[in-house]
Amino acid sequence: MDRILIPDGVKRCSFPIFSLWILVLLGVIGWGIAAGAAVLIKALNLTGLNDYFGFGAYITADLAIIALGAGAFFSGFLYYGLSKFFPSLKELGKIINLAVVVGFVCYTGALAVLLLEIGQPLRGWFGYWHANVHSMLTEVIFCITCYAIVLVIEYVPLVLENRKVSESKPMAILAHSMHDVMAIFALTGTFLSFFHQGSLGGVAGVCFARPFAFREGLFIWPWTFFLFILSAISSGPAFTALICKAMEIVTRKRLVDRTVYELIGKIEGGLLSFYMILKLADTANWAFNMSPRFGLKLTDYYWGPYGLWLLIAEVGICGVLPALILISPKARKSSFLLFGAFLLDIIGVSINRFVMTIQAIAAPVMPFDKWQVYVPSVYEVAPVLAMLAYCALVISLSYRYMPLFPRETELNR
Amino acid sequence: MQFAAGAVGGTLLTPLPWKLADDSAVWSQNWSWRPSPERGEITKVPSVCTLCAGGCGIQARLVNGNRAILIEGNPANPVNEGSVCALAASALQFLYAPYRVTQPLKQTKKRGDKTGFQAISWEQAQTELSKKLEEIRGEGPHTVACITSSRRSSMDDLWAQFFNAYGSPNLFKMPSECDASKSAAQLTTGNSSTFAFDLENAGYVLSFGANLLDGCAAPSRASGALRRWKKDRYPVKIVQVESRASITASKADVFLPINPGTEAALAMGIAHLMVNGANYDAYFVKNNVFGFEDWTDSNGKKHQGFKSLVSSSAYTPEQVAKITGLEPAKVRELAKEFASQPKALAVWGTGRADVSNNTYHELVFVALNALKGNLKPGGLIGLAPKAPLSELSAQKDILSENSSQQPRLDLAKSQNCPCPQNGLYGFLDAVSSGPKYPIKLLMVHEANPAHCLPENKLFAAAAEKVPTLVSFSSFMDETALQSDYILPDHMALERFDDVIGIPGAPYGYYAVSAPIIKPLLDTKHTGEVLMKVASTLGGTVASSIPWKSYEDFLKFRVEGIAKAKAGAVIDKPIEISSIKAGDPVTSNYSDAADLFKKLKAGLCWHDAPSAVTFDKTTSGKLELACQSIGKNAQSSDDVIYLPHFAPLKPSGSESEWPLLLVSYSSPRVSCGYLANTPFMNKLIPDSMLAGDELFIDLNPQTAASLGIAQGDQVKIKTTQGEAGAKANITPAARPGVLYIPRGMGHKAYDEYIGNKGVNACQLMEVQLDPVSGMGTVWATRAQLRRV
Amino acid sequence: MSEKGHAQSNIRLGMVIDLDKCTGCGACSAACQAENNISFRPDESNKLRSISWMYIYQLDNKKDYPDYKIAYLPRPCMHCDADHHSPCTFVCPVNATTRDENNGIVTHIYPRCIGCRYCMVACPYHARSFNWWDPTWPKPMTSMLSPEVSPRMRGVVEKCTFCHHRYNKARAKAYVDGTDPNKATYNPACADACPTKAITFGNLLDEKSEVAKLSKDPRAFRVLEKLQTKPKVYYLSKQDWIRNLADNSLT
Amino acid sequence: MNEEKTSASGKVVGVLLFVLGFAGALVLGYLVFPNLLYSQKLQPLNFSHAAHRDNDCDSCHKFRPDGTYAGIPKISNCKECHESAQGNTEAERILVEEYVAKDREVPWMVYARQPDNVFFSHAPHKGKGVECVTCHRDVTKEEKLPPMREDRITGYSMTTMEMTECEKCHSAKGVSNNCEVCHK
């Protein structure tokens, strides 16, 4: 039915099956949109947020999804920027399109959820117009917006490569000329993205009256700026790879060469190890140097559901462990270990974003203050799930109708 | 497509999109459903607060003279010195309450049915009330009764005047802590007044359960005293004796935890040690106290004196320790300290402002202060002086003369009390259980007995027997809801009223509360309704109440002060507690009109304290052996004349009801006639209320033995009733004792006020004091279990 | 600019609250609500969503009966004077909350606020409340709203302003009276209301003011001094257990 | 889709269409939109400032003792002279019959009304010597009150001073531009 839209030489599942899948996704999106509309109309009392938990599921999901979407800019950076010097990085070209799509959906999805998060969406543009240059959030707003625009520009040529669209000559020319300048955009995007991953880290790190989140004393303040960049680039490509793997499983096809996965594994292994070293140093500094200065002990930060297990999970099981796996060339050979490590890696960074958002404010600061527990409501869960469904939807459509994987035809011959 | 591109490009160059974006933001800043307060000239109007008996000076801020926006303290007032309490700060929420009664109502369906209220005109309301009163008067005027507030206001006297002229003795007040003080003052000094405490000048304060900071009868004055006690240099030591680690206990320097209701035993123990150690004011006792030594009555019969009673083995530190739960050494230490401290004052209370105390216990505290010499002239305890207001005297006709033969209904039953006082409980009891004569019409004014009278079911039972119930409430409260007629009074800020003295204050005080604003609704001053009704009834009733307006009536009352040339108006800030008994206070007003003008402008009148006089007693001394108790006594035991520890046993057995339930008041919860305000709801901690669930406080030890955890849903059952609640485990509670806050659990009003927790009054047991016949409340036997 | 990183003036408005005198009666908080048009809802028992500019914390000494003692700590906005920025003013993306360096008041402007709640996250004192609902009043009670403070709309943050509208009014009056507006004094509603006069307010930099003297009292302390937030709200207490609750390491 | 054929004339048409769209948008944005956005309301009655020229401005527009500005006078102020009709204009008739006689305030619409969130005090401005006409229209010769133009979305008067104007003057004069100076 949609034969003419499907790229040449590739096989796709039958249209009815695809429609069914799309309908499911649309259902989730519809549910999320309904919940989001309810929040916009009836205000934020529908959420599980309160005066203690000013930030909740929306922000956590945004931070996590943006970190994971970092695969786009970092792969782009490696491919367009560094591959001139390190030819082995050319391999990444085989997955770069998917990385761009993933980045695009993550960022646009995050922006949509961000609109729900603020109490006065109609004044959202104040962030640009009345910006406070000191605020990390201002940086976030600017960078996310700019980078989302960059991603749109990067995504458009992919759309233009659709068989039907590229029949139109001006479109083909446009696509071609956009491809030529893609490197510039990719590098601009890299800069922007580095910057805002950092500012997202800064959002927590600059709260100098929140000892859980505040970081200073190591390198440049706020130190979390760099930790967030590192953690994002050490997990974003892993996320892209994992999505690719998932697509391979679902479509029962090979989409990229295994060497690509192993290359990503190698890069991520190195970065993650570096990140872990810094993170451990940071954690030690925070726990044994900074906190005592604020009159707090490490155990003061952990209580009830927000137990020490979070730290162990984040830094140990989902940090050091995948790092060790990924730097070992032998372990990378095992699919189980390779993709298992990718999974742990992205869980680790998600926990990090959760901890820096939710736990940072759950932990009482005043001695006579009490711990509180945050439970998101369905009005928060639904839009977040809808955002994920939106990601899946765009990826599905892109995969079906655009030549995302240059090697797909060859690999499945 | 090109057209669209051009249009987009062009539009971006016009102000349209930018102006719309800006306007949408501005729109969000001025949403039409967000109220926009009317602007205008802001003025301040002084007045005096009558929401409780505290007598604070207030001032209201008005916009354009017709919209009150804030109640503040009046800095010119010596009692509150510019401060306000949470209740007064939110007083406007009563004025603008959605649950106000907007006009006279008549119940046309079953009592309590909100939909049955039919709006009637004042003309009709007053005519029907007058007609009823006229009819009943012919059959016997004593069958009309009234329950009014326990504030000290000329309204009380107007009611009394009306009832005297009309011919019914059945006028009752809601119970008050002062009732017992009045009884004790009557018995020991022969004066019909209450004891007054010079808190501000005390050098050491020993408080036997007085809830000075937990919502007492005169909260502003207590707060002012605390401020003076907590001065930087030589602060005053405060010792709090009670069972709960209350706010007062926490602010005190020493908290002595005792079993609930055993304060008087400890006082006896201290007296025991003072007497045995000859460490008391022997000179004062010898010359001014009767009954300290053994005494002989007019029949020549010899009786035991207080000295021999208190020094007996019943009140040794060991015995007292056993009763109170304190260590004997603590009792000794306390006695030594109290006896040796100059200017040591013992104050007392039941921990609540709105219920009477056990008379014998009241006498014990008087005795302890007597031993300390505090009742001598210039001492720390005096008698509350009275403002010399014009007296009222009712003219009587044949009907009222005849009916005055009829006994007051409470007395008809509890005639055994030797010293009967405001017997509301006796009255309610009599009405509901075969009275000597029926009550045909019951009026309720400024009171909400259906909710805030401990053991409130007694009121419900009595109300059932009364064919016509008339409420004068400004609000649709629980009692108004049960009434056949509601003749709404103005809200306190809309009407003339006055404050005659401050409970427990040694200085004379009088203030007029002038309206801050014109009445908002179709309401009428109850005083003026009485005047109208009286004039309709005609004859001596009309001539006894000749005033046309309540303001005229107050003018008449103030004339008395002017005539006596007594006291002075406070027109500049003074330290009122520095005036000693007998100090001259020179009047600073020219005549009655001038005085009233000043009072109306929010200034208050004051007079020097008055020392305790004993010339009205049989012996001409302070009677520790209260001879008047003997008159109706059934027992011939000598102890009945003397102050002693005589707890009234709560009903039920300890084995069946292993716990005690004690109610407490909080300054953040209004627990009298006035319900809480939405502002005050914000102040209620989440350890007291969660949604509509009230927390009952219990000690961790008690909780452990009952297997109850923090926040558990529990069922509390007392000998009086049961209710569901949540458990709040706190070391503020004494083991074995449960604590419940008062003032919660309203069923009437609106969604902001109603259905919050449990009404303590439905769980508490009232016991009648054998001396005064008044209801006392201290503890109720209870069970608690997790559900 | 000085070493402190912000312009210096000779006015720094601050507050001293004597906890030994505070009885937790709630008058300050009620007066604050009336003065500042603070909205309320039928159920206010969820303190995590209850708007309160002057929240009264109950402290206890964590001992068992009968040594158990409570105290109350009224918490207005601390108007932190931290170098360069207060925790909240530093993070607001739209300059809705700023510190006026002329007098030290940390202000929050509702029409500018976009409701991102970042300031609430940054504030360790929970001094800020969010309008989770459209503020509404039972109909007759709209009559008691003050025109001197604008009612908020939903979706914005609000907090104690030290009643800066009273300050503005005092300054305006000084202009009309021909006196120096920089010497204008005023009291916020809470300080006026306090029945034990536990709250003192004034210029911390005016050596002769009561508030300056009290802030240097040996009993004076601030909450979370170790975080370097430098609150302009001081507390007084003689009792060690209360003073120890000021900072985490002390308990 | 036969683009090659139509390309030449198509381009011309395209440019024309673009210009048309562009011009249409400009007309809409600059001429139609403001009239749609702002309503026009007339005051309840006409007031001629010119006719009151022999009075001082201060005799009607006064300061209150607490330093606030009374703004438009109350009916009691009008009553001082207009207890009975002073002429036979329609405005005079409305004033006397509808307001003075019934003792009702005239519901004047304020051209410079600021929203609730703005604190504006005339006192410091007057104290610093700012002339009335710096911010308000010159009314000395005004015979007829202009219609009130109100933004339909925001409810603001078209002549309400905007924040940027306040800020400009404040910074020019070295006055604080801190938020709470003008917001409440």
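Read from first to last, the chains carry the letters A, B, C and D; within each, the first residue is number 1.
Definition applied: a residue touches a chain if its C-beta (ideal position, glycine included) is under 8 Å from a C-beta of that chain, and two chains touch if they have at least 3 such contacts.
Keep in mind that what you see is a predicted model, and the values were worked out from it rather than measured.
The largest tally of C-beta contacts between two chains is found for B-C. Every chain gets a centre from its CA atoms, and the centre nearest the mean of all protein CA atoms is that of C. One simple way to say how far apart two chains are is to compare their mean CA positions; for chain A and chain B this gives 65 Å.
One finds 37 Å separating the Cα centroids of chain C and chain D.
Chain A and chain C have Cα centroids lying 39 Å from one another. For the pair chain B and chain D, the distance between C-alpha centroids works out to 56 Å.
Of all residues in chain D, those that touch two or more other chains are 66, 68, 115-117.
Taken residue by residue, chain A touches two or more other chains at 120, 123, 126, whereas all remaining positions touch fewer. The residues of chain B that reach two or more other chains are 24, 26-29, 36-37, 42, listed in rising order. Of all residues in chain C, only 95-96, 98, 100-102, 105, 107, 109-112, 147-151, 161, 164-165, 168-169, 171-177, 181 touch chain D in the complex they form. Put simply, chain D touches chain C in their complex at residues 63, 66-68, 115-117, 119, 121, 123-124, 126-127, 176, 178-181, 183-184. Only residues 18, 20-21, 23-27, 29-31, 33-35, 37, 40, 42-47, 50, 52, 56, 58, 60, 63-66, 68-72, 110-111, 134-148, 151-153, 155, 189, 192-198 of chain C touch chain B when the two sit together in their complex. Chain C contributes residues 46, 48-50, 57, 59, 73, 80, 82, 85, 87, 90-95, 112-126, 128-134, 153-157, 223-224, 226-229, 244-251 to its touches with chain A in the complex. Chain contact summary for the complex, chain A toward chain B: residues 120, 122-123, 125-126.
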